[in-house]
Every structure is written in structure tokens, then in C-alpha cells.
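Structure incoming, see below.
In order of appearance the chains are A, B, C and D, and numbering begins at 1 in each one.
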Amino acid sequence: MEEDHNLPKIPYSKDDDYTRLQAKARRDLVTSATQSNFEHIDNFSFDPKVVAGNIENFAGVAQVPIGFAGPLLLKGEHAHGGFYVPMATTEGTLVASYNRGMKIARLAGGIRTTVIADAMNRAPVFVFKNALLARNFGNWVIQHFDKIKFKAEETTQSGKLLNIEQYPVGKMRWLRFNYSTGDAAGQNMVTKATHRATSWMLSQNIEGLEHFSLAAGLDTDKKHSHLNALHTRGKKVVAEIVLPKQLMEEVLHINPSKMYYLRRLSGMGSVISGSINNGAHSPNGITALFIATGQDVANVAESSCAYYYGEILDSGDYYYSITLPSLIVATYGGGTGLPTQRECLEMMDCYGRDKVLKLAEIIAGVVLCGELSLSAAVASDEWVSSHEQYGRNRP
Amino acid sequence: MEEDHNLPKIPYSKDDDYTRLQAKARRDLVTSATQSNFEHIDNFSFDPKVVAGNIENFAGVAQVPIGFAGPLLLKGEHAHGGFYVPMATTEGTLVASYNRGMKIARLAGGIRTTVIADAMNRAPVFVFKNALLARNFGNWVIQHFDKIKFKAEETTQSGKLLNIEQYPVGKMRWLRFNYSTGDAAGQNMVTKATHRATSWMLSQNIEGLEHFSLAAGLDTDKKHSHLNALHTRGKKVVAEIVLPKQLMEEVLHINPSKMYYLRRLSGMGSVISGSINNGAHSPNGITALFIATGQDVANVAESSCAYYYGEILDSGDYYYSITLPSLIVATYGGGTGLPTQRECLEMMDCYGRDKVLKLAEIIAGVVLCGELSLSAAVASDEWVSSHEQYGRNRP
Amino acid sequence: MEEDHNLPKIPYSKDDDYTRLQAKARRDLVTSATQSNFEHIDNFSFDPKVVAGNIENFAGVAQVPIGFAGPLLLKGEHAHGGFYVPMATTEGTLVASYNRGMKIARLAGGIRTTVIADAMNRAPVFVFKNALLARNFGNWVIQHFDKIKFKAEETTQSGKLLNIEQYPVGKMRWLRFNYSTGDAAGQNMVTKATHRATSWMLSQNIEGLEHFSLAAGLDTDKKHSHLNALHTRGKKVVAEIVLPKQLMEEVLHINPSKMYYLRRLSGMGSVISGSINNGAHSPNGITALFIATGQDVANVAESSCAYYYGEILDSGDYYYSITLPSLIVATYGGGTGLPTQRECLEMMDCYGRDKVLKLAEIIAGVVLCGELSLSAAVASDEWVSSHEQYGRNRP
Amino acid sequence: MEEDHNLPKIPYSKDDDYTRLQAKARRDLVTSATQSNFEHIDNFSFDPKVVAGNIENFAGVAQVPIGFAGPLLLKGEHAHGGFYVPMATTEGTLVASYNRGMKIARLAGGIRTTVIADAMNRAPVFVFKNALLARNFGNWVIQHFDKIKFKAEETTQSGKLLNIEQYPVGKMRWLRFNYSTGDAAGQNMVTKATHRATSWMLSQNIEGLEHFSLAAGLDTDKKHSHLNALHTRGKKVVAEIVLPKQLMEEVLHINPSKMYYLRRLSGMGSVISGSINNGAHSPNGITALFIATGQDVANVAESSCAYYYGEILDSGDYYYSITLPSLIVATYGGGTGLPTQRECLEMMDCYGRDKVLKLAEIIAGVVLCGELSLSAAVASDEWVSSHEQYGRNRP
């Protein structure tokens, strides 16, 4: 078949593709084809060889502004003390808003952070002649879990197969393999391990098997799903704070009951709209940290899911929490080792091995600060802009 | 109240905060506090003044590698012809995969793209003494639509109030204001316009009103919701292609019915998991383009929602489509004018006025290429890795 | 083709099928085939001719016990005053629980009920050659609404076409026709009207149309959908009450803040589980009334969706509301005219024309009573069974 | 407090409430208050004493017409052979439609039915001082599973605690106790067992526990939830059939590919609308069987959830399946022993012990017949009413 157009192909060198020369050749081609110029994307500070595993057809870099926020005061298991946080964004007021939230959190004595679950998954599907044979297979899987685990773990040093959930429909049976994956996000690791494990399974002469796919929609890689919110994909992490009533009134000029009421209304709006998130704006903070630290930013689609829960304590203080049920992060592999990305991880002492839970806690803490800041702003704006106009203070 | 820690604050200059000196001061502070060094994030090619509206506490830039993919061959209403596409990512194989999809699309004669809806929204809530008064208010809003529209549009030259949807529950009534917003994404524009309109409404002595909030969860700004997938937030855009059977078999080595079957299984997995997306991996392409072109990347959470629909035509060819129901993009404002970001828009002739529908079509086209590429890869991998092992080709 | 078994067919008389004799012939056949006896289902009090439009292969009746609850004290627009309510169920404590809720409601001065939306729908799909032609068709529909409405309304005296929502994906476009349907539930009416309207549309030489179906999943007839909860299918009706603090404490032995806290926890559980209903047990009351009054009981699947919303007012009293977004009811047609069913409607003065909004309000009122009763019971049970064991009263 | 109205209370006798006299006294009260008459609901064929555990304020019965459908030809594990099925409904054509589906199924050689999961659940919530203590508690639960199981099973002979799922958010932790419950639906059994188990847990001095509720929204008793569709509430049961191509064409006058296409469109409509059910009309059959056999009909809200999955086999025949993920049924207890209800169970040999899986299979088989019948009718109607008008047969 012939291609139906006359545009030239982007240059590629089999031998030495990651050079400044090759990057220039690509920009030149586009310049000559489109009359657009490049005076900025070629401004990178590293040898193109360093991005060899991270990009193809390398032509330059996007310069995304970084603002520093902090100190973020945490009382976590893995992240303890004050942190300066690099946030990469082009949205004005974002860094300022999170920074303000961090101040509120400091005044309240800091944020408690806890990772409460941790698993990466891959969900192959097995299709059988009928539902009965699919059910028999499900029992076989339970009986052979140790062997399946052994085969899966042959492919990885840090990955461990934790369990296999089963989701049957009709004559199909999805198996959701859950792994701990160390400091990597682990999508590739679990794919490889599950491939090995299922290859062994397929060799076992399973009765009535008609089809097998290593992935078939259920793991919802890169996509939010209710399943992943329920059962975790990545880390499930909680950030909590108690805001003293006095702090809210004197510093934030907010009545706890007013903030509570506004969050409650938002929660109701969230239910009606069928949202995956009853928080205020978790994707803002997560995205800014993901870009800065070399995470797979596309995971924002699933990682930004958040559950707000708050209440007014007997003391009159405000308990405010955010739960991120499927936060996918890494401190090793992927984009984490690139020059600016690594610097951003290092400024939080989050680069490399045994750091991933720390990073997860920091991100949860940052998200909570953003929630506090926006909630307070909305509440205070309400007060000014609306209340006096119709003369009533709710609730 | 006193802060409970001893970490220094990040420097800030009231008079001249966007300078290389200030950026350095911030990095130095973090260096001294954390012993981390910065040799890369300070490598930006612009005067910090240009990011004044885009970031606070500016300290440097993230360098995110850009790869060029293309040509992307489109037959859209606004995007017609071949395009080179800048993709910013740190995930290896991503650019290669989309590039391969673009080749498939070229061989098939190109992609048809169509924007089928366009609206940005803000959804204030009005709370009444009871449901009856809330319903009366709903009727009042219908009767006073022209005046409300007039007040809203006082605040903007390009924004137009299209309609107001009503979502009542109990004594609350959310009004979802839908606007066309020209080439801006429009979140700020619609907030300002809705603020003006509702301020007028609040001045009209509405019977039984107890509370008003300009935002209360239902607009799900930055968050996916079923409501926004149904009724659009940003652009609703479709990309479609017909893949000739011969192309699939000879070039992709895929049987149309095999690809169909695999997509169908994935669709079923998606339904069971409660996913917001029955496609393959739309967030990958969208995120890479969003970072490169200065979009608000946090919108990936809502913009990455996608509906796949495919069928085998009577001719035996494969109709493959992707619908992005809530794609939020801009070619003006926000981060679009920053140095590298503008270059990336300009290489697609998408910078500035009257370009936003073109950009929306390009992004939809890119997403479709990614779907084709991954679907083909999965299918072909299946063939190799699984089929021969248990000797059956389904269907 | 031959049937693969030896069981006799159920007798059927072309001329006179609805007789006691025919009913007996059917029972006798089953008795002889299965050795089971019938001494009760033949105990019906009417001439079988009356069920001719309601059942086929008539063989007898299920006797479902009816309990009377009430008086239910309502302050609605259509239902005002006290009502005795017939509830048909086999679940012990159900009637008692609703009856107790009615007592609470009486003590609090009654329930305010309001129908806030009313529409029955049918959602045909039109499939085109591509998305652009589908979009063009969408515009054509807007332009020809008056004619479409005219054609639709030719088929019905009481049905009115209110509007047509459009839901496009890929090359498909679903049109959701919304009608008011008088006192009938209206599913058949809207099917007939939409059939007529679309027949005319199909005769108009629509460019690029490839397929049409009168129904294709989107109307979710008999099935809950988020769409129908947002946009109503049947009546959207609210029941509200203010429970005085003193009443709660002295009669119900519940602290308002305790009830509030428990409802809030349940609301959170509902969000996590992905429930269609954040109330307590609306299906119980709705089903019991549906069986008693000859509604289409299968509609419980969609009609039982409910949104709870409550708050503690400044006065300390408790505002408690329930919203039923898609309650499908009739006072005319279907099973409403059958002997026991009609008696049950008549005891509420809800049989026949101009009564359907009244019935909708009564059902919403009943549901609210069930919510009050169960919430109070849970709260009080908590107090007894749990509180003292671990010594803390929350909040 | 005083009641705010003058209506008399419904009579109640502490000593002897379940008599014909008492039932009459209630009807008389309503007659005198509302001028409505009762000539039919008093027509019951049993001593009121038999409904003592099933209803309060007994006043008579609803007579719901029963039609017999069948024979239903099953090839299940528990239901094997031909069955006559009692369906109680007031909706004309319902029995005829299911009966036609049963004929199709017989011609195709019968339906394979399989129960693939079985569990009833109760989901108490434990609220802690913070998320860390909640996580610690989660580990404690895993360690003490045997003891918890022992305590739970003290309360029941037939119930077995299978496992405990954990769903944490913020400082809360829902535990979802899953039980097998023999032939009862089991809601009361699992409540009692979980109450006993949690009472023991609460006595164990759990660190940081602030609140406990035996139920808090997550079990979604009587309400559909995505969680219950994923993890079963009641029986998860599949019905499957292979429809020979020749049968479809000669008897049903349907092309397999046409039926496939129509189901696919419906599936897409279902996805867009956010439906809990991508089948055709499962609630119709389920409700009719539930009313006839004394099931808790309110459970239709959750039990009617259904997943359709179909494909055209290599042979050209049509594989058609329906999965009911949360079917709640009993053959013992509740309303199953009432006079007409028991007769309806007995005619299928489904009354009493060791019958519940059989009943679940029959219901799944009936649902599948309804799906076949309606799908065929829609397809054939399409052919007649629409196809010729615009001259194209899709696909």
C-alpha cells in the first residue's frame, strides 16, 4: 500500500539516534515543512543519550515552570518533618494556593500521612467454552496459587505476587494479579511476571479454554475505574489533619460549620454528577508533582481519584482527610532519573530505592494542602460575595 | 499562632519576584536546607518575567523530553492535511507507538475528525427553604434567561451563554451554565460571567433562598464525572477511520475479526470494572500533547475520558472511532504563550485565535492513532505469545 | 426443527382463554406433570375476563398480604391531609417500620411533598456514515422540532412532547424524547408517539443514515441509569420534613447530631460502594405500594433510586429529605384497574384521571417515613448495643 | 407531643391480631374514613395466623394474576429438565414474551445454567482516631479471622463465614463479612452473626476505636451497588445458550449478525447512560417470579442487575449469555411458606431445604428467555417497521 500524501518522514538514525544533531535534523524538517521556528525547545542541558529509554524521535524539551512550595510539615511514617516541594505547572495561582495550604497545615501542627494499601496489577482474561468450565478454572487457580506465584516471581527481584482476585462474567474469567513492586511503579514488572505466570498456566492443559488475553480492559491501566478505587492500583494513601477551631476563625476567617456545610454541598454535587472524586482539586497538585518528578503523567487519569472525608470533632476542631485510592508513583525507573526530574526528587530526598512510600506520603500531604486552601478560599469568598447580599449565614 | 518547626520560608520579593536572582535564591535556600543540588532546573531559555502569570515561587523549569510524531494525516473540518505532532513524555515507546499508529492511519487514507459539541460550564447551587420554592426558582430562571445571559455576557467578549441546565435535589437546585468560550479553555471566563449573572440573580429578592455557592461539586472542574461525559465540558470530538481489510491483514498482520473480538473483550472488562473509558490508552497521547502545548495538564483527569466504538463494515473493512466527550483545550491564554509551548503549538499552526477547534481535532486524531497502534500490538502479541500454545484462533 | 423433550404445552384457547375452566386446565396440566397441588392460587374473586390485558396463560393469583399503615400526614400540593396506605409484602416488620415512621412524621407536623419534574421517555438511535453527518442530523432535529412534535402527538391525546435531548457518540446519535403522559406511566404511549415521529423523520431523506432503532439501551427502560437519575424518568419527587430536636430526643431518644453522623457514614459507604442510592431502604416502601396498587413492579429497579439529604438547622432541628429522581407510577391503565389494586388506589383516592401526582407524592411521603424509622432504629440500636461496650458517644 | 390531626389510628390487638375480625376492623376503619369499599382484598384463602411473621396490620391480600410459562428446558447443575414457571404480573405481554423465549430455548436444545458464586454479606464500619490505627486494626482482623469466624458461626447452623473484605477510607474501615447461608436469603442470619462477631471484636480493647456501626451504607442492602455487582450479594448465576443459525433464520427470521449488531448498539447506549444493566429487561422476569414465589420483591432493585454477553461462534451460531451478579433468593423462610407462594415454589420442586441453587438457576434461565424473546422482537420489528423505509439492512 502507498501512503496518500507527500509529507516527508521524520529522520531516524539506526546507529546513533540520540544526538543533538539528530534532534536538530528533526526540528529542521518541521521548520522547513511548516515555517515554524524553534528557539526554545532545543534548550536542554543534557546529552540526548540520557533520554534514550524515555522518548523516541527526540527533538528537544518542553520547559515547564517549576515553583517551590513549602515547607510542607508532615508527620508520616515515611515522610517526617518539613519538605520543600517542586511543582511544575503553567496555571497561575496553583503554587500560591498549595503554598497557602501548607502554611495552614504548619499552623495546625502538620499533616499525618499513612499508606494503607500497596499493589500494582495486571488482569488477564480467560475465555472458556462455558461458565461451568470457567468456574472450574477459578478453583484450579486457587489450588495452584503457590505455583503461579513461583512462576510470576521468577521474572523479578522486587515484585511479589500478593493474591489473585477473580471476576467472572458469562464464560469469561478475569484474574486480577496483585503485586507489591518495590520502588518502581511496576506496570512493566507486573506485565512481565503475569506473562510468565499465565504462560505456565496455558501450558497446563486447561479444560475448555478458548481464548486468553494478557490484558482486556479490567485492569484499566491509565484509566480510572471503580474497581481500582475499591481495590487499589498503586498506593492507597491517606492524609489527615485536625484544624483547630481558633485557627480557622482567627487565621482563615472561617467558621468550622461553614466549611463543613460547603464541603457537604460539594459532596452532594459530586454524587449527583457521578464524579470519581468528591474532593476539591486533587489533580492540580498531583499533576504538578508528577511533571516535576518524572512520574508517568498520564496516570493522573487514575491517580487523581480522591475521597474527601471531614467532620467537626467534639472539641469543635475540624478533622479533614483526603484518601487517594490509586496513586501510582515511582522513585526509580521511568522518568525519575532524568536530570531535572531527579533534582526534584532529590530535594525531597525521594530519589532511588526505599523512597516510594515517602513520596506517596508527600504527594498525599500536598493534595490535602490544596484541598484546605481551596475550601478556605471558597468559604471566604462566599462570605464576602454572597452572604451580605441576601443577609443570611448558613448553616 | 506560631508555626511548629524551624524551616525557613521560601524567599519572595514584593517588587521584583520574577528574576533569575530570585529563582536562584529559592534554589539556594533549598540547597542549604536539604543538601540537594540544582544543575539542570535552572537551565531555562527565557526571562522569568514571561512566567509571571503562570507560576508563583518560580525556581526553574522541568525539562520534559519532546519527541516528534507524524505526519498525522487528517481530514477534519478544521485540521486538514498532514501534521507533525510534538509529544512531551518520559515514558519510553509512547512516541514510537503513536508514530506507528499515524503510519497506519496514513496507509488507510487518513482520519476524519469532527467537533460535535463545545461548551465550558460553571454550576452554582441555590439552596432554598424547601423543594417547592426551589422549583419555583427553576421556573423563574427559565423566564429570565435573556436577562441572565445579558448579565453574564457583560463580562466577556468571546464568551456566550448557551443555556442553563437544572439539576434539583431536595431543596437544592444546581444550575449548570454552558458557555462557548472562543479559543480559551474558559474556566476563568465562565466563573467570572457566572459570578456576574448570579450576583444579579441574588439581587432579585428570590423567595426562600437560604444559601448560594458559585461552585459546589457538580461542575467537577478537574475531575471526571458522568455528567460531563454526557453533556460535554470543553469539546466533544470524534476521530474516525476505516481500516481496509487488506491493510490490516498485510501490514498489521491482524484479522479484522480478531481485532474486533479483542476490543469487545476489553469493552466487557471496562463495563465490569466501572471504568470511565472503554478505549485503550487515550491519556497517554492527551497528556503528551497537553504538556508540550501548555494546556492545563491537570485536566487530563477529565479530558482523557474516551468512548471507543468499532464495527466490521459490510465491505469487511473496519470502522474504528474514538469519542472524547470532555476535551478541554486552548490555543490562547494559560500556558499556551510560554516559549516552548508556543513553539509546539506553532508547529501545528495552532497558536492564537480561531485555532482551538483545529487543536481539538488534532488531539482526537492523535488519540485514535494510539488506539490503533496499541490494539494492533495487543492483537499481534496475542497471536505470537498465546495462540500457538493452545492451538486455537478466536473467533 | 423439533423440540428436544416430551413435556406437554400449556393449554390455550383461541376463542375463550380467560375462563375459570382454562385456568383450571393449566393448573391440572402442571399438577399431572409435577405432582404439585393448587389449593390457593385458584382463590381469586373476579371473572378471569378482567385480567385479559394484564396476563397471558392465566392460572390463578398470588395472594400477597396487605397491611395498612397510617395515617400518613402530608402537606403536599396534590396530596394533602391524612392517608391510610396499603402495603403488600411478605417481609415481617416492614409495615410496622413504615407505620412507626408515619407516627414520627405526624408528631413532627407532617411531610411536605413536591413533584419537581415529570417526563417519560423513549430514546431511539440513528447511526450515520460518519460523525459529521450525525451532527448535521442533530441540527436538523432542532430545526424540525415543531413538526416532530406534531407527528408524535398525533398518536395520543394526553401525551405531549416536551423536548428532545441528544446524546452523540462516534457516528451514532441517540435522541431522548421526553413526554408528559398524564395519569398513565406512559411507556407504551411514548413508544407509539416516538415510532410515529421517527417514521416521519425516516421518510425525510436524511443524508448518510445507515441504521435506525427505536430503542437501543439509552432509555434504560426497567433498568436504573445515571442518565435517568439526572434527567428524570417518570416523576422526580421530593419529600421533606423538619424533625424538632425535642421530638428526636424525647420520643425517638436520638440526638440530632448522632443521627446526622450515622447518615453521613452511610453516605460515605454508599459513595465507596458505587451505589445508586444513598438512602436507607426506599425499595421496601416503593415495592409494597407498587404491588398493592397495580404498578409495574419491575420498575422498582429504576424507581427505587433515592437521594437522601439532611442537615441540622440553626434551630437545632433536623431537616430530612428524600428525592426520588425516577419514580414511575400510574393511576390509570396497566394493573391499576384490577380488583384489589383498584381498591387500594381508591382508599387513597388515587384511582383514575388527575390523580397521578397525588400518588407520586404519597409514595415519596411513605418512603421518607421508612427512612426516618430505619435511621432512628439504627441510631437507637447503636446506642444500646455498641455504645456502652466501648464507652464513647460519637459525635 | 401531640399529633396534629384528627384521623383515627388503625386498630391493633395485643392478644389476637391475626384474625379475620381484625382484618375486617381495619378495612372498616378505612371505609368509614375514606368512603372506599373493599370487596376483593378480603378474599384470602387462609387463616390470618399464617402471615403473622410476614406482615403487620394485616387487612387482606393483593391478588396478583399468575400466568404459567413453559416448559423451560434447562441443563443446569441443580435444575435439569423441563419446568413450568409461575409468573405474577399485571403487565400484558410479559408472560407471552417469556413463554416465546422458552420456546426458542427449547428449539435450541435448552439452557445451560451455572451458579458461579454465592455469598450474603453485612458490612459494619469501624471508625478510628486516625488512618494508621484503622490500618493496624485491619491487620488485627486478618490475624484473628479464625476467632471472628468462630464467634459469627455460634449464632447459626447453616451460615458459614467465608471471608472478610476490607474497604478503608480516611480513618474509617468497612469490613464486608461474606457468608454462605444455605437455603435462606440470609440477610437476618448474617446480621445476627456479624453482630455477635463484632460484639466480641469490640470487647477486645481495640486501640483508637471511636465509633462502630453494624451497617453503614456499604452493604447496600436492597440497593444496587457496583461493589455488589463485582463481589456478589446472593448468587452470581449464569445462563447460556447456543442459538443455531438456522433456527434464528427460519424460526425467528433474524440474521445472527443483525441481532448481534442490535445488542451491540444497546450495549453502547447502556455504557453512555451509566446503566447498571446492559441486558434487555431482566427485571420483568425476576419480579414476576419473585412475587409468585414469596421472595423479598424489594430486592429487585439489586437482584435485577444483569450483564449480557454474546458472540457469533465460528460455526455461525449465536452464543448468548446473561449473568446475574447479585440474585437474592430463598426457598425457605420469609414469604416462601405462604400458601400461594409455596404452591408456586412446589410446582418447580423448589420449596424447602437444598433447593435454593435450583431456584437461582431457574430464574437465570427465565431471564435469558426474556432476553432472547425481546431481542428477537426488536430485531424483527426493526426489519418490518424501519428497514424498508430507508432501504438498508445493517450490518
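To be clear about the criterion, a residue touches a chain if its C-beta (ideal position, glycine included) is under 8 Å from a C-beta of that chain, and two chains touch if they have at least 3 such contacts.
The model shown is predicted, which means the values in this text are computed figures rather than measured ones.
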{"item": "Chain labels contacting chain A and also chain C", "value": "B, D"}
{"item": "Pair with more cross-chain C-beta pairs in contact, given B-C and C-D", "value": "C-D"}
{"item": "Between chain D and chain B, distance of the C-alpha-averaged centres to the nearest whole Å", "value": "40"}
{"item": "Inter-chain centre distance, chain C versus chain D - centres from mean C-alpha coordinates, in Å", "value": "17"}
{"item": "Where chain B and chain C are represented by their mean Cα positions, the distance between them in whole Å", "value": "38"}
{"item": "Residue numbers of chain B (touch at least two other chains)", "value": "167, 169, 172, 226-227, 230, 261, 267-268, 272, 274, 278, 307, 309, 394"}
{"item": "Category of the chain touch graph - line, ring, star, complete, other", "value": "complete"}
{"item": "Chain A contact footprint on chain C (complex, rising order)", "value": "226, 229-230, 261, 264, 267-268, 271-272, 274, 278, 307, 309, 311-314, 395"}
{"item": "Residues of chain A that touch chain D when the two form their complex", "value": "77, 112, 114, 116-117, 130-132, 134-135, 138, 167-172, 226-227, 230, 236, 238, 240, 274, 307, 309, 319, 321-323, 325"}
